[in-house]
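In the two complexes that follow, chain A is the common piece, with chain B as its partner first and chain C second.
Showing the complex of A and B:
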């Protein structure tokens, strides 16, 4: 029974050591732009530009997007970061040859300066026109912006982006999404979802505007943060994708709280399905789900598919411990199974989870104690009988590595557990009809002590 | 706090009407005389769409009402859960009317067993009104709860709802939309629907069905997206939606086949209810998902005057692919009026929620002994003025 159990302690020490060497900053996992605050508030300079994005099936598509300052056009536009209470002014310069604008759903009392009046807001004239928008970010939360000019075309062309407003009342040593501890998180990730009909972009590139029929809309590419799987797993700012700087690589340690910021950026609803565990939906449209502020997210809903409808934002807290697996995900050996080689019952043996079985392995941080020491229920086949994926560590246990044939594995440095997170509209897991791809990423539960991500705030580019 | 006084005034008038009704012991059930009939609608690009709509007739005999899409708003008074729709059918096919959110005993109608196309299959979810009927066919509900509802054809729904046989029905509680917690000063209805022009042409010309050019709506491709029966056109007049310091009840309906997402800009709202069922804890949102057949009630409490755009975030914002158009509404929030002194007469501001008041007034009129000549059922506004000027809200004359 115990033959597959693997001691993991040595490895965990190594992982801790690597973590120290990397000295990574923990929480800031979403790349944002944020200018230095001035007495008058925050002043952003954005421009609307054209450019090309790349898709994993080899496609290159003509896009319009917002750029940071005079930087490259981005898909999606820069993620804007404010603090609650700050007054924000966004200056938009239009370098496209059609009018363009920005609207800020969920924000109150947005005023527009300059430009000319459009249907939904003031617009910047083509070829160098300017317009400014000012508002006060009265509430913390997850929001988005998009073009208010012919939105059915301009959102499709790429003119949208995310907004994160930090709460004004979180304790110094913690990170909260809203002004209540129920929104406390250890790591945060953005899931800005969208879709694309390439024929529109091909016609736009050729200036065949009268050939574009929005009623024939038929998307075949689906995106998280402007990338299709598997490109979402390339790092932020990869030089391979100059117009798509944002990754989606959710990682978390057991029992830590991951904040998922979900935004329906396109025109279709992409039910976002996260394997591994339910998540607690704590906020919708930038407001905690709450019957009273003092009661926190007391109306939160536990679910495994988050329906961020077009325009809607959802904030969810995800945790994973392996609870309920029925076996010890760390592969802790249990003395009771080790007779006669073990020393059971011996001096170090403790009933760690008060379930009657005793062992001499201390639990790790975040371990769900119910399954501590429970044996792995199957006998693994010999390696010669297996085919291998690039992310198989050689061991079924968290934080453990096993023997692999030469050339196999290598994409799971710390022995993490991987879960596919994807649109539950399964046809959206393709790139132009090729599986796998589309609106999908892999979430890693990394073992305690393993490094996660890196620092991701860049200075304003002007 | 003039909105409070409005509310008080409304409540007193409601009370007065209730007293009137109680004292006369009349039958309370409200009756609406609807007539289903073909009508042509002109779209912003000039195209003429054959549609089927409902007209509101004054009684069982006269057919003077105008055929409209969506059909008239059927207001059920707060004090009475009974509603009867008396249906006349001037189409050349059978029809019927149902309200999906309200439980009701139904009597489904089948095609004959020998029908070549649909042997023995369900044709109508409830009893039918045949074409050309002389006496209206009644459809009654005894259980209309407070809320926003949609009535629509219960016959060959895939065709008849698409053709335009739908409309809103509303009922308030005595003290608010659902209770005193959802009291409101103003009311705006946004009723979404869609038109597939090819389907309309095929159906209207008899080229729809088994063996015809168009056999079903499987190739459904809407080109026009209507709010309260019309797609947005550049320059449309904004909809008055109350004023700063007052609350506005936004009733959202989707009679289309697609899901739409009503997104508010520059304002948020409290989601009060789905399908006429109030939520225990209203949530503060700016997106309101409207699947086919859905109704939602949203309470607005604007703090600043100006235009609040409401548009479909699923981006059905074109008229036959021409932009802008489709599901765009501009709500106009007026500035707060100058402060009203304590001793001001309550008559100064118009009563909230005129449609509901008008319905109540209709009851009251049935029992009005001394009303002036120009105060009658054809002139509800006069009646309201009369009632307020004569302080009928304070002391019912029937007492």
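Showing the complex of A and C:
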């Protein structure tokens, strides 16, 4: 048995330093493309092309995807960002040798220019054909787009992406997802979920089109934002994954509001379970769950698993407070004052909050005062009795580090608490036959003062 | 004795000897309630702390097909009350499916001890285990059971989880170590929290109690949530947990073969760890020896019946959860309307109190989802009704139809 102890709080200093370096604290957490506005509206230039994605089991798979201008094929396609009320034109150039197109579920009065008529919309002809789509975004929210040509095959091949429409009536100093304060958030993250059957891609690469049978579809790879775990933890635009630029590394401080933009991008349902706390589902398919605009998200539903069906988008607000645990989550009952007495509780220790027991450290803003100073309720077993996680800080307390055996844990620079966010159809947490992986990431609750979005923790091990 | 069991015993014996001498042993923790405050509201200030002790290991369960197919499993069992020094012998090869049902009350402080007794049939494995209280609000990583983000307990040792229970509702619990494998192998069970509203002073006005029950709370009235109006009143409640086994996966595990994650395809769909018709058996089921002679085990391995019984006029609360590792399932009740009153361990009510409950004939749950459904039998003819999945291919026990994910509701006539 060893007593839980806090060995270092130097993270605060470190955090302050890094926060200074990253002066731009309110940076966007979702990588998007947004061209400069012109009098005629926004003009996006996309192309459809081929390329290869990489999976953590060592796979490289032939894909089709949308690219930003002359850029590389992307899986998923570029996340398009524009404002409610803006008129948007998307020019698509086809560099594949099959017809291709784009449809925009949830957008109204989309007009197609050029190309040739297809089943769902106009298509760009193979090898250099062009088509344009124009619409005006009437509503804020989370949307997606995908190919309207042979979609059962072309979505599988990678021709889909996300759309974020910003509301036209949010206060200048705030970030809202919709035109109501109920959608206010501090950080936003994208969770675009999809799956893959590699045999289709292998046959496509060899041109064995008559061998592809979608009835035999059997996915063995699952993705968030086009990456399998643990690759989701690598930074945006990592050179290791040239065709998969988007990470999924949600982070939040206690009491802050995180907006989760969930999209069912593939053909299967994925029950997305977010450890840590329930989230409030405030919008579905780009509409606030509301009975009247003035009432905000008054029909919002709290849940611990969000079931995003194929083609569906969900917006959820997640907050973690650490309240109600029955012990001080910051470890304030320990002798960790600026001038520790070494004999806690001892003569030099003060009952700051006058609750009858000494507590050497002032409470953190937003801390549960009921729990302030309450001791950790159990003894942790000796290290020899334990296995350690890669993102374990070594301490049960938020913002603290603890002793770890050599080579164990520590991928957690600021003593945060990590929570697994994943498909709870657990089969989807593997990469082919290798666990862990798939539709999964780690959400980081970082202690107050720790930077978010900049200097990151390391990717998960194992 | 089977040779594998002998090897397993030798391994564990060696571990046990080592444990007693050098490095630890089964050691549970519990702090008695001495704070003088009645946090669970039952009138006794000294009984708010709850001691529970689960073990994690392996075992065998029978499926509901005619061959009584024996499936190897990883699982939990109850060791509450077993002296610490007896836990290894008590828990070895004694896993249950589903895991023991955990029922606690809002306001309690739970000391949930987990002892890892090792896996007898897999002496090659040194897997640690954890407990994940699925849906616990504002969880702390150390007690969340995700091995990547905290610690997990090794063979021969005990970890004590602590939960101050602040939210009533229907949750679930499972091991989170190598979650795809350990959950497919059976380390999952029901968990729900009773609300403080059950203990209201009799005579407290509640505006939406069922007809004939109002207008005030009476002793013995039960509610699913702290609804403030009696609208989640029920007479009887049943946890119903969806799960399913892939026999190829379980056989590969038993025979120490590479595990077919990519090909995982469940063929034994179950409710509370049994296929129909075993679901309707009120008795504890004891496992049998398999063809390959894994001993005359005769262990109580499937303890949770899913037979639902009520008297006409009663309200039946179904605490439905899914821990399937492979698919979404839809459950339907033929002939009795379903009132969905809760979801994700919360009352279905909007932020400003809007009633978001709904009436339906079916509920759909993916893995990790929970829904609370009340069956109002006031206008229903007495008789037998079926609760079953409309994923029709899951109305089977492997190759045998029909069976699988189904149970019966027996509605008795009123007196």
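Here, the second predicted complex is superposed on the first by the 397 of 462 C-alpha atoms of A that agree within 3 Å, B and C clash if a C-alpha of one lies under 4 Å from a C-alpha of the other, contacts with A are read in each partner's own complex, and residues count from 1 in each chain.
Definition applied: a residue touches a chain if its C-beta (ideal position, glycine included) is under 8 Å from a C-beta of that chain, and two chains touch if they have at least 3 such contacts.
What you see is a predicted model, and the numbers here were worked out from it, not measured in a lab.
Touching more residues of chain A than its counterpart among chain B and chain C is C. Contacts of A:103 after superposition: chain B is touched, whereas chain C is not reached. Shared-chain residue A:269: touches chain B and chain C both. Using the contact criterion defined above for the overlaid structures, shared-chain residue A:285 touches chain B, although it does not reach chain C.
Legend: residue contacts after superposition of the two complexes on their common chain; A:312 is shown touching chain B, with no touch to chain C. In the superposed model, A:299 lies in contact with both chain B and chain C. Once the two complexes are overlaid on the shared chain, A:152 sits against chain B while remaining clear of chain C. In the superposition on chain A, A:237 makes contact with neither chain B nor chain C.
Comparing which residues of chain A touch chain B with which touch chain C, the overlap comprises 269, 291, 299. Chain B meets chain A in the complex at residues 221-223, 234, 259, 261, 263-268, 281, 283-287, 289, 303-304, 309, 311, 313-318, 320-321, 323-324, 328. Those residues of chain C that touch chain A in the complex are listed here as 23-24, 27, 29, 31, 109, 111, 128, 132, 134-135, 137-142, 144, 146-154, 156-162, 164, 166, 176, 178-181, 183-184, 258-262, 264, 324-328, 343-346, 348, 350-352, 354, 356, 364-370. Those residues of chain A that touch chain C in the complex are listed here as 182, 220, 269-271, 273, 275-278, 280, 291, 295, 297-305, 307, 320-327, 329, 377-382, 384-392, 396, 417-420, 423-427, 429-430, 432-436, 442, 460, 462. By the touch criterion stated above, chain A contacts chain B in their complex at residues 103, 105-110, 119-121, 148, 150-153, 155-156, 212-215, 264, 267-269, 284-285, 287, 289, 291, 299, 309-312.
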